[in-house]
Each structure stands twice: as C-alpha cells, then as structure tokens.
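Look for chain A in each of the two complexes below; its partner is chain B in the first and chain C in the second.
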Partner chain A sequence: MRRVAAMLALAGLSGLAPALAATNAGRAHVPGGSFETVLPPAAGVKTATVQAFDMDRTPVTNGAYARFLVSHPEWRRDRVARVFADAGYLQHWRDAASPGESLARQPVTHVSWFAAKAYCETQGARLPTWYEWERVSAASATRADARDDPAWRQSILDWYARPASEPLPDAGLTSPNYFGVRDVHGVVWEWVLDLGSMMVSADNREQGDPDLQKFCGSGALSLEQKENYAMLMRIATLSSMQASFTSSTMGFRCVAGGGAAP
Partner chain B sequence: MRQWLVSGLAALLVACGQQTGSSTTPAAVAETGGSLRGDFGPPQGEPVKAVLTSPPLVPPPTGRHAPAKVIVELEVHEVEREIAEGVKYTFWTFGGTVPGSFIRVRQGDTVEFHLKNRPDSKMPHNIDLHGVTGPGGGAASSFTAPGHQSQFTFKALNQGIYVYHCATAPVGMHVANGMYGLILVEPPEGLSPVDHEYYVMQGDFYTVGKYREKGVQAFDMQKAIDERPTYVLFNGAESSLTGPNALKAKTGERIRLFVGNGGPNLVSSFHVIGEIFDKVQPEGGTHPQENVQTTLIPAGGAAIVEFHTEVPGNYIMVDHSIFRAFNKGALAILEVAGEPRPDIYSGKQADESYLSDKVGSLAAVSTAAEAKAAGKLTQDQQVQAGAALFKGTCSVCHQDQGQGIPNVFPPLAGSDLLKKTPQRAVEIALNGLTGPITVNGVTYNSVMPPMSQLNDDEIANILTYVLNSWGNAGGAISKEDVQKVRATTKRPEGAAH
Partner chain C sequence: MKRLLPALGGALALLCATPGAAREADPANSLYHLDAKLTSQAGQVQGLDLYRGHPVLVTMFYGSCQATCPLIIDTLRATERALDAERRAPLRVLLISFDPERDTAAALRDIAATRHIDTTRWTLAWADTATVRSIAALLNVQYRKLPSGEFSHSTQIVLLSPQGEIQASTALLGHADPALLAQLGQSTK
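Now for the complex of A and B:
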C-alpha cells in the first residue's frame, strides 16, 4: 500500500516534469508547410503537409531515459512485458536501472517503439510522424530541403557505409541543421509514431505492383524519388522493425505541437 | 501386365523419338522435366544441418539418395575489411565473406532456411535465392531487422547452380556491398567425381576514391547508377585468389569451378588463360557445352566449368573484358604443380629476329660482318648490308625510298639534318627519339624507339647505306663511331623495337 502511494507520488512528480524536461532538452520550432515526400500520401499526390511543431534538438540520451525509468520502473528491462520490448531491450546498459557513465550522454538505443512512445508521453510530447521527421531530415545546415544536393546525400550514405560495431558518439555533437535540429543523420535511426501505417512491402522490388495498394494502406504506395537512397534506406529499416523490436542503432526523439494527436 | 505394356510402349516411343531426333540433330539430349519432376516426395530421415563453406571452398557432395530436410543457418554480418592493399571497405555479407557461404543441397530436398541478422548490423537484410520456387525467392519471408532472425522453408525443385542475394532496398547497394553467393542444387544422381571443386564469384564495386586509393573508401551511389565500377573482383578482394591465396591443383587432375556473378551491373566474360573448358554448363543450366574458351556469365547468374590439367604453371582467370582484369582487379590464379609436359607445351624454344618478307637476302649482312672482323670492310659492302637491314627495320616508318611520311615520320632522303650532323643519326638510332625534331624546315613530333636489337656493326652499315642513297651526300659511319656514341650517351633500359 505504501509502495503504491510512493509510485503515485512519483507519477505525480512526473506529471510536473514535462515542462522542465522540455526546457532542458530544448526543442526547435519547425514551421508548418508542404514538401515533396518519398512516401506519397495518396495515389497521384506527391506532397505532404505538416503543421508547425517543436522537435527535440537532440535524440533522447541514455541518461534521460534512465531518469524516466525512475518514475516509470515498469519500463526497466527486468520488469518490462516482453510484448512491449524484445529480449535486446536495454541489454547494453550496465544494470537494469542505469546505463553506466560512458553511455550516459549517448543516444539511447535498444529501445522499442512502445517504450519510446511511453517516454515521449511522459514528457507531454509524442513521437514525430514520418512526415514531420522527413521534413526535418530533408534539411542541410543551410537549406530547408537539400535533397537535390548530391554531396549532402553522399554524406548521409557515408554513415550507412560505416559498420554499427563502432561506439555511438554522444548526442548533439553534429552541427545543427536548418531547423536547429542535430543528429538527424549520421548517428542513429529514429522511431516514428506512424510506424504501422508506413509499411512498405518486405520485398521492396514489388513497389511497382498495383495490387499492393489493396492491403498496404495509404502510406505504402510506391516510393517516389527512387534516387533518394538515403531516405529509402531509412524507410527499409523502419519497415523491418516491429513495435516491440529493438536494435543497437534505433533511437528516438520527441515532438510537441503539430497536427498529430499525442 | 498392363504396366509392362505401358512402359514397353513408352520405351518404344522414346526410341522412335530418338531416332527421329538423330536424323536432324546429332545428339538428342534427355530433358530433366524441370520442377514438374523435381518433387521426390516428403523429406525422409532426420533433418540434416547443411555444411556451409567460405569461398573458395565448396562443401562435399551431399551423398544422399533420398530427399531430406536440410537446415541452413546463414548469418548476415556487416564487416570492414580490405578490398585492395591499404584500401578498406565496409562489406555487407552472408556468412562474413564475399561471396557468401556456399550452400549445397540435393534436388527434392526441403530446405529450412534461417537468416540471422547480427545485433551489431545497421541494416535490415533479406535473401532471394534463385533456386527457390515461390514469389520473391524468399525475400519477403526473410526480411530481418538487426538483432533478429527469420525462418522460411522451400523445396528445391530444380537442379542447378543458383545465385542468392540480398533484396532489401536499395537492392543495388546491398548487392554492390557484397551480398550474394551460390547455392548448388545437385541433380538426384549427384555430380561426377572430380579432384577439386572451387567457388569463384565475380562482383563489381563502387568506391568514392579511385582504384587503389588508400584509406577507408565509402560506397559511391552515383558511380553505381552510372555503372562505372572502381573495382571488378573475384571473391571480393584484389588478393583473394592470388599469391598465397591462389587456387591449387596438380597436373592430371579434374577441376570443377562454380563461377557466379553477383554483379550488380556487369556481365562477365569468364576465361582461364591457357586452358580450354572441357565442359561448361552455361548459365548454370543442365546441358553442357564442350570445348569452350570463354563463357558469358550474366549478373545474377552462374556457370559450372570443368577442365583437366595437363601442363604445370600458373593459370590466370580473368574477366576477358580485359581492362577489368588488368585495371580493376578481375584476376585470379590457379597454380598447377607437376612435371613439365614438353610434348604438349614446349615453353619458349627460340627467340630470333624476324624481318618479314620485305627482307631480301641477309647474306650481305653476314659478309660485311665477316669483312669487318677481318679488317677488310669496304664502303660498298657496308652499303649492301645496310640496304638489307634498312628494309627490315627502318622502311616501315621512313619508307623504302627514305621519303618518310609527311608530317609523321621525317624523310631521310635529302635530309639537311643528316648532311649537317651525321653523328646525330647514330645517337637517334641507338637511343631513340621522343619529341620535336626539324628536318628540311618541317617539325615532326613522333616517337622512335631505340634500336636495341641492332648491334654496332649493323647500325654503322644502315647509316652508311642511308648516307649513300637517295641523293644524300655520301660518307661512312664506322663501327667505332657507333661504339663511341654508345659509350657516352644514355638509352632507356630494356627498350626494344
């Protein structure tokens, strides 16, 4: 009984936390607008529109995630329900409650989509939608949409070419992009809110097959901009992950505002 | 009884068919019946774990005579290693090697396939085996996130040698990074015994840096789209089948190569220098071709080639689209040890000058040489010897009458240069000439190689002939003149005409 009370107290505290955490992490304001997407929202429609939102400037770190576990111990690796996170969940941490000093400032990985979603919700925020993430990811340091810049594209591909066995860098070391957001490329993959609706065919060579539209939903029409390999690989990776999956390179960040309901 | 009748009838029909066939085509070949006749029923006995081998090795024959359930466990591994000396590249691999592990099953086997993607992988991967009957060849069923594994099962209905590869987006990039290999589906009776089986697979690679540019090299998407490879390699690295890694055999052995081509772009003109393939199963098909020099292997295709070794030595395997072999790395070596076989191949038996049919009698040359040795050489003898040598050596460029070729090769007839500085001609003949030279007011800019094949006697005689022909001013060059120039000037080492 006492323990329940303590948990309630903690929960109450965490209710206060969002404003604080948001300030600490810092979010960048991303204006609303339309842009050409690699995942057309409907047949014949090439652009996606997003409302203005605020996005974490850096991915969530192991340290921040450990603080979340204090208030939400049900997400500790020794307590989490297996349906919400696979066996790899936080396995790289020193123990169930803390990552260890060397990992504290690195982006958190080995987290499932369910866990990432829960974290953002405790911050009064949510995971970004694919289109929100895509809008931010299209930016270079100087342009809101740099996807036609071959040098910028190659720099993204260069990250893909490096093996994932190297340790991750600390979060926030890359230079901010046009929107003031860091680490969008070159550090980790990131979960998006609408993971389930953006499935592409597991055999993506079928992308020209019109039959697929029948069962893959609106987000799964054939990919536009086939030369945009950097985006294709991001989508391929996301579509290989189920919501309980974790991997050494999949992290996340949160957004607030915008059109999507938390 | 009825059965006997039917089979008897069938035999008769077959016999007739063969007879008719033989009248038009000399060798009618029995058809295998393809997948329609490739199902030998449910698997029998305990499941078997497939032996996987890294290239260039091939697993032993299955030795089975009944369909089995075969378990294949293949691990995807993203790994950085050398593509050429001092050049690192991140390969994505099936089983840690490029090409991936060799898989060997028997026609009719039921294959339970486990694809494991290591936790330290960055990418999701899958596998499309060309030996699978079913949509995607297994691709959708094997799509696997990092740190996960997938399972699917197929029955190997068609015999042959098949490529497998990753089919995850972007497919071209996964293949270009080395995600391909071979699966052999043995015919039910197995393959004929040989002394060595080897696994060789070609692939083209695209790096940001130039060929052999040192350091860590990233994948270059634009070069891949343009199909302009930096490297074309056998077994994923420049040295994977050369030097200490060369394939080994002895004379008098039968060799079978399973040769695949992963691409992603190029088609291979596979050739072994100094061998003739006794037997090729082109495109990995069932019916062999015999006595083949070069076999074409499409990207995403394979062939089985067989030959018998007779003569010892190094046999170089190339993509005979030959710049790939010598400028992009498509080169492998088979070392064959054994006793020489001069009855089949002699080695070099002679190296003599060849002066073509322009040469008349070279008797004058030897007459002059003898006279010189005896100290009795006349200018007339020099001119006659020089005339014979000129035809074989100089007339190709300077022409029969010393007129040269306008703007390309300067004339010797009426040459002001010869008249003013005959010694210069000795230098040029001995050492060659590259760069501009002005003769009779015209500047020429060609290359004349040093005449290293001529001795001092011969150069002296040729030049004496030139000085006394076509209205030139006369005079003589002696052997001693040539010796003096040879002793005091430099010439490119080892240069020959």
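Now for the complex of A and C:
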C-alpha cells in the first residue's frame, strides 16, 4: 500500500518542471519520474519509476579516491581482502596510497563494485541503481529523454568506436547534460548498485520461456529498445562483471536520496 | 513501522561496516571478511560466519517462492543424505533470504517447522537489503525484486570451507551435484 502511494506521488511529481538547482557543489538534483527502460522490470512492464535523487556531477576521481584511502586504509591495494577486489585493483597507481599527479583528476578505474560501494557509503551516499543511472543517461544537453534523437544516439555510439587504449580524460570535461551531470557517456563505464540484478539471459530470444534451472521466478530479463546499442552494450558490460572484478574502464559515481537501500 | 526500525538499524550497521571486521587470520578469499548481520529463525543476530569452523553449504532463497525454492531445500537434503555419517556430522547449512519484508524470523520459523528442518545444523536467516546485496555479490547470485514482490533469481549452492572460502558452487537442482559431493568428501575428512 505504501508502495502504491509513493508511486502516485511520483506520478504527480513527474509532471512538474525539473529543478536543475544543485543541492550541493558536487551533486545535481534529478527529479523523480517514470520512463521507458531498456531493462523491463517484469514481463509486460516497460516503464521504470525512480524517486528524486542527487547524483555526483562527475565520476569519482583518483584524487578523491586517494583521500578516501587515508581514512579507510583497509581499502588500499596492499591491504584489501582479495574477496572484495581482484589483483588488478588500483594497479595503475604510482603506489598504494597515491595515484601520482598525472592521474589525480582522471576518473578512478580499476576499482571493484565492493570498493565503489564502500567509497559512496563513507560519503553518506550510495551507488546509483541501474534505473537511476539509465534515467540520467537518457538526457542530452537540452532534453531529459533524448533517446528518440538519432543524432544524439550516434554521438554516443561514436565514443565506443574510439580505441580503449587512449588515456582517460580528466573528469568533468564533457558538457553537462539536461540534469547538470557530466561524463555520463564517453568517459568510463560505471558501477551500479544493483549489479546483481542485471540477469540477462545468454540467449535473449527465449522471451517468456523462463529457464527455471537458473532463474527462479519470472526468469531472465528481456531487453527492449534493441536500436539503443549504447545502453545494451553498457548492460552487457555490467552483466559480465562480478563484484570483485576491476577493469581499466570501469569507474563510478555516487548518489544520495532516492528510494534504494545502500 | 515494524519494518522501519530494522531497516534503520541495517543502514547504521552498514555505515560502520568495513572489511576489517573479519579475523586477521582469515584467508584473503574468505567471505567472512564481510561484516554482515543476519537474523536467524530463532531471532538470533549473527555474522555470516555463524558456522565458522564447519564446512557450510550456503544458498539464497525466499520463503514465498512456489517453484524453485522448495527444490533448493530438497537438493540440500539430498546432498546431506549422500554423505556418510562421519562427513555429514560437521556439515552445516545456511539459507539466506532475499526478502527481508516477508521472511521475518517468525516466517522463517514456520518454514523450518513445515519442512522439518533440523535447526541445530541448519539456519534460515534474513538480512537487510544492503546486506543481501553484498552477500549475493560474494556468492555470485543474481536476483531481482519484481513489481509483484516476488523475486527472480539464479540459484547457487555454495560450499564454504571452515574459514569461509568458496570451495565449490553448483547451480544444479533436484539432486546432489557429484562435484560438490567430491569436494565435501575432502573438506569433511
């Protein structure tokens, strides 16, 4: 019942003009609302609803992550329990405590989901859920949902055509999107809180044919908006990562507020 | 309101959670590095390492599941039965619920009674959403809450060493996985 009331409240809010004011220097306010998702919550349900939340304007940088390690040395690469982060964890840093000057302003990568989650929690925040991330990622500079704009979609796809060997740019150099959030596309992949819920069937053609052996309940998710390659690639990347994995292109940012538990 | 208090407690516990909470001697790959708070069917609050020192089969489920979840309990039983008494004696079983809203201690107690579960050797437990997320990540279990309140999830039965390291993991349901049994033969010697 509480759920129904909350959804009604959200439905009312989504009609209002979005507030673009930042709640603090580092986070942009993203109004709640409903949108069509590439990852349907259930068979026959195409829209996802998120409550209002505040999202970091830029991905977390190596410099910020190094400051976190000062107060939480248990996450240093020379102390972390292997169960929380694989051998690649922060291996690109100059030493265990510091990334070195050249990396300080770049988004932190080579971090596991567990590490990203712990970082956000120390900021009184959490990782964004997939739906929160997807809502923000749908925005162009001028529209909250620009996914029906072929030119915008192409500009995102162009990023994927760039070789991954190029050094990462500093965080915050791309233009802010409609919500005031930067670097959503074109810089790094980003961890999401509900990583473990991206159960995409290996063979997505078995729609409505739940593989009961693997998935109890409604079975694997089917993907929508097959023309939205950029989103599908992101889901494929996330669903291939286990929570202790790290990669040279996987970073994160944090959110506060919203409805999800950390 | 009854929901809110444990949720708040969980949030606070999580803010304080660090991987340093495990014992110094735990191997680097031990799941017992996770500072988790589980509440058993008896209402007892314990860590993920409640069966430390024993080989333990860990799995995740939710109580109201009609299809696969009864089968999970049957499979755990079949695995136990396939062991000789000497190997069965030290083995423990831990079932962790995805569903803190419905699988309260009382609900878990009902399941234990209905399914004639020996709670001296098996524990059914619930944890807050954030803890469930981390445990599922460690066990590599995928799950998703559906709008209906049901859960869609993958099934893994994971064998942990007495120090909490993953020794084997199976998605096989319905009968005991021979690979798991082979590993159990070693770990319960």
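Details
Just so we're on the same page, the second predicted complex is superposed on the first by the 219 of 262 C-alpha atoms of A that agree within 3 Å, B and C clash if a C-alpha of one lies under 4 Å from a C-alpha of the other, contacts with A are read in each partner's own complex, and residues count from 1 in each chain.
The rule we apply is simple: a residue touches a chain if its C-beta (ideal position, glycine included) is under 8 Å from a C-beta of that chain, and two chains touch if they have at least 3 such contacts.
The structure presented is a predicted model; accordingly, all values stated were derived computationally and were not measured.
Legend: residue contacts after superposition of the two complexes on their common chain; A:163 is shown touching chain B, with no touch to chain C. Residue contacts after overlaying the shared chain place A:195 against chain C, while chain B stays out of touching range. Of the two partner chains, chain C is the only one touched by A:121; chain B is not.
Once the two complexes are overlaid on the shared chain, A:80 sits against chain C while remaining clear of chain B.
In the superposed pair of complexes, A:184 makes contact with neither chain B nor chain C.
Residue contacts after overlaying the shared chain place A:42 against chain C, while chain B stays out of touching range. In the superposed pair of complexes, A:88 makes contact with chain B only, with no contact to chain C. In the superposed model, A:249 lies in contact with chain B only, and not with chain C. Overlap of the chain B and chain C interfaces on chain A comprises residues 242. Across the complex, chain C is touched by residues 41-42, 45, 72, 74-75, 80-84, 113-114, 117-118, 121, 124, 193-199, 212-221, 242-244, 261-262 of chain A.
Remark: chain A residues 86, 88, 150, 153-154, 157-158, 160-165, 200-206, 223, 227, 229, 232-233, 235-237, 239-242, 245-249 touch chain B in the complex. Residue ranges of chain C in contact with chain A, taken from their complex: 7, 10-11, 14-15, 17-20, 22, 26, 28-31, 33-34, 65, 67-69, 128-130, 133-134, 136-138, 140-148, 150-155, 171, 173.
For chain B in complex with chain A, the residues that touch the partner chain are 78-80, 90, 119-124, 126, 128, 135-136, 139-141, 143-148, 167-171, 173, 208, 218-222, 225.
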